[in-house]
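Below are the structure tokens for one structure; questions will follow.
Just so it is clear, A, B, C and D label the chains in written order, and each chain counts residues from 1 on its own.
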Amino acid sequence: MDIYVALLILFGGALVAFFIDDLNRRWTGPVALAFALAAAVAFALTPEGQHLRLSILGFDLHWQQDSAARFFGWIVLGLTVLALIYSVKYMEGKARLGYFYAVFLMSAGGMLGVSVSRDLISFFVFWEIMTWTSFLLAIYNAYYGVETKGIKYIIFSSIGAYAMLTAIVMAGHYYHTYDLADLWQAGAFSFRSYWYIPASLMLGFAVKAAVVPFHVWAPDVYAKTPMSFTTVFSGAMSKMGVLGLLVVLTGLYAGGGDGMFWFRWILGWLGGITAVAGTLQAIRQNDAKYLLAYSSVAQLGYIVTALATGTRLGLMAALYLAVLHAAFKGALFMVAGAVEKQAGTTDFREISGLIKRMPWTFFVALVSVISLAGVPPLGGFVGKWLLYESLITETHSYFLVIVIFFSSTAAFLYAYRFLFGLFLGQAEEEIKQVKEASWWMLLPMLVLAAVSIVTGMYPGLIFKPAADVLAGWGLPVPDWHMSILLNRWGNQVDLVTVGSTVGVVFVLVAIYITLKGRKTTKWVSTKDISTSGEIPSPQDNLTFQRGFFKPFERAIGRLYDWDANGIWEDLGAALEAFFGFVRKIYTGNAQTYALYVIVFLVVLLIFARRIFG
Amino acid sequence: MLKKIFVLFLLTVTGVALWQSFRHAPFGENRVGDVENPETVSAFYLKHSPETLHTANSVTAIVVNFRGFDTLGEVTVLFLAATGLASILYRRKEDEEEEGGHLPVRVKLKSSTLVRTGAKILFPLILLLGIYVFVHGHLTPGGGFQGGAIIATGFLLMFITYKRFNVNHKIMVWLESLSGLAFVLIGLYGLVAYGSFLQNIPWTGRLNDLISGGLIPLIYIFIGIKVATELTNVLDTLMNTKPRKK
Amino acid sequence: MVISPVHYIVAPLAAAFFIPLLNKLYDDAARVVPGIVLGYLVVVSAVLVPQVLYNGPITEIIAGWRPPFGINLVMTPFSAILALLVSFMAFVIWLYGFRFRRTLKGGVVMYYEILQMMMTAGALGIILTGDLFNMFVFVEIAGITAISLSAFYRDRDGAEAGFKYMLLGSLASVFLLLGILLLYTQTHSLNMAQIAERMPAVAQGVKIIALIFLLVSLGIEAEMFPLNSWAPDAYSQAPSPTSAAFAAVLGVAAVYALARVSYTLFDAQSVSMFLMVMGFLTMFFAETAAIAQTDLKRMLAYSSMGQMGLVMVALGIGNETALFGALFLIINHAVIKALLFMTGSYFIYNNNSKRLVALNGIHKRLPYVSFLFSLGALAIIGFPPFSGFWSKFYILSGAAKRELLPLIIGILAITIVEMTYYLRVIGRIYFGKEETEPASHKPSINALVAMTSLAVIIVVLGLYPGLISGYLHKASMFLLDKQAYIQNVLSVK
Amino acid sequence: MNSFQEVFIRYRELMEIAVYGVAILLIFIGLYAVLTKKHLVKVVIGLSIMDAGVNLLFVGVGYITNHTAPIFSPGYEDAADKMVDPVPQALVLTAIVIGFAVTALALSLVIRLYRHHKTANIEQLNSLRW
């Protein structure tokens, strides 16, 4: 099977899905799914190491099915297939399905293309396809303010993409090639020669990975896109930024790793700050979708920090976390989508106590949240472990460790909030009718949860392909074992033991609770809690979910005043005002226009020799 | 006031620049060069106008033959101006209602008897002069444009003098179209017969004969008719307050 | 009769003179004949362009006098491709407007058709002529038709737009005449090849002043800042097919004239900086003005000016890569902007309003038209895989070859501005809250064919630019080679 | 050689100023009107004056001292090297016609504008801006 088949299937499927919607709305989803599956099969059948070289406009394009392509390609295709299974029911009855599925498949095609591209031109082409298609999905929900906020995503993406483009054309000029292998060889990404080439490339990738201060697009977009695509958006597309950073790193290593110090320092700290900022924002969200969105930003921060270390363990941690983040965050967004679909909202103030209504969904949420929090025995723990170890033992950035540690501890707060807010607590009257999500939606969620569980015991399943990726590009590879974590002092943790022990305890407790049952008491409504002395107005929703972590917020209060979003919005408003002022030169008076012509002429005449000499 | 001073400053700079640059082409200097072995286009034209084309008026030779393509374009510009004018100024019933009906385009006052009688006598003479000018375009100063313009002034005189004077639009359209078409067809004849658009026929007669210069007088006559009708049309459109008859 | 470049001029001229007669006999003649003529021009291009590309430039003698003395038409690869583009676009625009003008009554249709067709003829004349004064005549033909068409709707704003265009256009023609006269006094020739040949002997002072006059006057036509203030008014007040033609026909010709004058008559080196700076300013002012527009056609007009600015920047960069990009961009701009005006005019037609606010949720009423508009918008921003990307990429590569990093950053920053307002419109079309639902005018079949064919071109050229890149390379190389042009024209016997 | 020509040769400089100067002055005056006059018709008149200036410049450039009109009338058949440059004269013919066309069009626009605005003040025409 040739390398382009999977891509062709995805883009062709987009066309078919777009037009089949006019025939029968019920077919659109299944057809799109079928195409995604076919693409996955084609991708699986593509032999490792296959090359494809094309020439377009005299540029040599180079696609390669190497281990990195497989690694990221599977993240993309796996999530795409699962998300499309999920979509069939989730999107049922919504408008513009042809648009949705067509753009979805094109977006997946773009991401897959980025994964297999081994030259900067096709990398950029697919990158842009991925970007504008995801923008079209981000504005899919009509209530989203396209005029102002919706545009934010594409503007930031484009700042990133155009930074990349600048680097690409400059690299093409200096090194006369766009092929990654040649560029690595030539040391094009070294900070010694033309520092702005790697710097602006990294800026581009950092934007896609939502690193502070370019993260402001992410929460809105993640929360407002239809959840079935947010899964891919947050799970796979942000990983393309990771892939890009890995490409630059590879170039740096190939060039001997010189000039890496300050790059490592800056990117690492940016990642750390991102993690803290994302976590803190996530804590005070009242909407599950926004909570998850900010949490995504924070998780990407870990990955970027891990990459920035540039060490063996750090790189491994980054790749491992990339997969895990795709798994648990994909599952969590699906959970949020299921709740939204079944209960109508994901606002913590509106719903609670869904555990009895949606037990399977709760199970997925529980597993994923534990994995997210980095608690043994689930997969997330292994990633955190590697990250800490690389930071402490390899780069000795102890302050950064403190920052990361603070952030992942604080993450417990929002993880708990998510579980409690949606599933625990007392069930209100209006959610009594809520039913469990359809099995078509549960299936992909359970698969993703299974990934978290299995990798918790056998992280080597991911270590192996990740090590292949690193080895394939000549990056340092750490020692790894199927299910044993080592540290520098020779201690080791057998994850199977830990995992099975915890699993047994969990099952026992579950059986105990099920048998004993819960005590039934007459409870008052959670939405009518009396206020101490204040007179509530009728509109007030007085649930305790409001201000859930008030004390915490109060404790770190001032940190919340630093609002990057506000700064960017002010900047945007200022720019628009400036543009509005500039265009006043077109006064509408014909005589003034004639005067412009003469003034221009006279200026040219006066400075004639200067200008044309 | 400040603006005017500024404008004057701008204009002074432009004027000085123009003056400086035209100093490089001193007034009255002979830049044509040797006519027998022409280096410049002017010398070439002065040589070939009497020798090859047998056209006495070398300006006419240039306008109609050497640079006849420009002239075709020029006629087109005139035609397009008339068309554009008509498209901007044609009047519909609705417009009259919108704009309050009357427009002071035609002269409201009745002309005096003297003027009316004079115009009546002068009109055919003016037409005759115009025709004379464009028929002799290849021999004497003047030509199709000048003759056409003279004829149009005759019509202008009539328009001003007689409120009810109207040209026959049908004839005008026919004349206008056919003369333009004839110009193009003559050009095409050159293309078909001699391989070059607007090429003159080899027979060009004797210098200073009325029938000389090959196709040049013929083309100039058509240009004359075209210009005359075109200009009259423009005048008609500009002056006429009534809806055009269809 | 063998097909030769002069057909480009003669066929529309003959038709224009003939239409008033024919219209008396047959009512629809005025609407059909231009289509036949423009279709014929496409055929002429299809015959001539391969000849030019494979056998080298064609120089056509007019009135039987060889080049330095007579007027001649020169069809170099560069002008051949533009002639093909212009005639094809004019034909598509005619096809698009065929039924659209049913709304106009009586003789007006005839005026409209003649003017529209002659605008194409004027543009083709500018592209093909090898004589400087002849170029002036064609500039005037194009200008007068464009002015008349701007004011065609005869409303208050139309007349105002026409007057502004007229004022600046007259200044342009005066300066053009002065420039031509100055060159004539120094070189005693009007033939561009001969002027170029004799240019080195001309005193530097006069040369520069002539250059300034020519640049200012062609700058007005090519929408260079600050000479472009007529453009938004004219584009927005003209009938929509005309607006499309302004971008796809007139703009192409104006840029060609600018390129020819700066590359052949003068030294590309000396105008390089000027073109880059002015092109960049044009982009900046146009795109920033576009972002705050509330009127769809005005927005598109400003966007057109921005694209012209980018073309000028590319001409200023002046290496082969950038020129390739410039040529590709001219093609893209013509096709895409025409598509945007065409689809945009259906929005306007349905809403009875040019205001952007009226576009909210219009995709429900015009799904296919909205789809095409979005495609065009994405393409003109330069998103791959549409054709707009490649031209931008080439121009940036050209700039990179001259190591103009600030210019690259500037162009890309302005592209972000451009992207912002286009995507806002797309957002409105698909996701805006719809307020009213007036009766819907579905696009007629001929308009659909026209718009679809343009969309297909955009996608095909984006996916497979190799289709034309070889020709464009040849053309851009030829534009750079001044001596070849002189040789080709002056060696004709 | 008559006395006029003698004077002419002696004061060639003066003639240069007279012809070129007047032509440039006409352009100057026309532009001034275009840039400062408020009445639409005056602006159009300004354009016409500019055109006239340019045309005069054309003819002036083509002039050669002591040469005659480029018409080979009887008796002048061999006087080709005694004739002024005919090319600018031909060009000016074209330029005049085009100038006329533009002026006519301009006037029609002025009429149209006057009908809509009920004024011919150029400053009132600014409904299209920004």
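Going forward, a residue touches a chain if its C-beta (ideal position, glycine included) is under 8 Å from a C-beta of that chain, and two chains touch if they have at least 3 such contacts.
Keep in mind that what you see is a predicted model, and the values were worked out from it rather than measured.
S.K.: State which chains count as neighbours of chain B and simultaneously of chain D.
M.R.: Looking at chain D and chain B together, the chains touching each of them are A, C.
S.K.: If I average the Cα coordinates per chain and compare with the overall Cα mean, which chain comes out closest?
M.R.: C
S.K.: If I rank A-D and C-D by number of C-beta contact pairs, which comes first?
M.R.: Higher C-beta contact count between the two pairs: C-D.
S.K.: Taking each chain's centre as its mean C-alpha position, how far apart are chain A and chain D in Å?
M.R.: Roughly 70 Å, centre to centre.
S.K.: Can you check how far apart chain C and chain D are, centre to centre, with Cα atoms defining each centre and the answer in Å?
M.R.: Roughly 31 Å separates the two chain centres.
S.K.: So, what's the distance in Å between the C-alpha centres of chain B and chain A?
M.R.: 72
S.K.: For chain A and chain C, what's the span in angstrom between their mean Cα positions?
M.R.: 43
S.K.: Going through chain D residue by residue, note those that touch at least 2 other chains and give them in order.
M.R.: 27, 31, 34-36, 43, 57, 61, 87, 91, 94, 98, 101-102, 105, 109, 112, 125, 127-128, 130 - these are the residues of chain D that touch more than one other chain.
S.K.: Using the touch rule from the top of the page, what residues of chain A touch 2 or more other chains?
M.R.: 583, 586, 590, 594-595, 598-599, 601, 605
S.K.: Please output the residue numbers of chain B that touch at least 2 other chains, ranges allowed.
M.R.: As it turns out, chain B has residues touching two or more other chains at 7, 10-11, 14, 17-18, 22, 25, 31-32, 41-42, 45, 66-67, 70, 73-74, 77, 80-81, 84-85, 88.
S.K.: If you connect every pair of chains that touch, what shape comes out? Choose line, ring, star, complete or other.
M.R.: Complete.
S.K.: Taking the complex as given, what residues does chain A use to touch chain D?
M.R.: Per the stated touch rule, the residues are 583-584, 586-591, 594-595, 598.
S.K.: Help me check something: in the complex, which residues belonging to chain B touch chain C?
M.R.: 17-18, 20-22, 24-25, 31-33, 38-42, 44-45, 65-70, 72-74, 76-77, 79-81, 83-88, 90, 170, 173-174, 176-178, 180-181, 183-185, 187-188, 190-192, 194, 196-200, 244, 246
S.K.: Spell out the part of chain D that touches chain B in their complex, as residue ranges.
M.R.: 12, 15-16, 19-21, 24-25, 27-28, 31-32, 35-36, 57, 60-61, 63-65, 67, 69-74, 77, 80-81, 83-87, 89-91, 93-94, 96-98, 100-102, 104-105, 107-109, 111-112, 115
S.K.: For chain B, which residues count as touching chain D in their complex?
M.R.: Spelled out, the residues of chain B in touch with chain D are 3-4, 7-8, 10-11, 14-15, 18-19, 22, 25-32, 34-36, 41-42, 45-47, 49-50, 55-59, 62-63, 66-67, 70-71, 73-74, 77-78, 80-82, 84-85, 88-89, 99, 103, 105, 139-141, 145, 207-208, 227, 234, 237-238.
S.K.: Please give the residue numbers of chain A that touch chain C in the complex, ascending.
M.R.: Against chain C, the touching part of chain A is residues 55-58, 96, 99, 121, 124-126, 128-129, 131-132, 135, 139-142, 144, 146-147, 150-151, 154-155, 158-159, 162, 165-166, 169-170, 172-173, 196, 576, 578-580, 582-583, 585-586, 590, 593-594, 596-601, 604-605, 608-609, 611-613.
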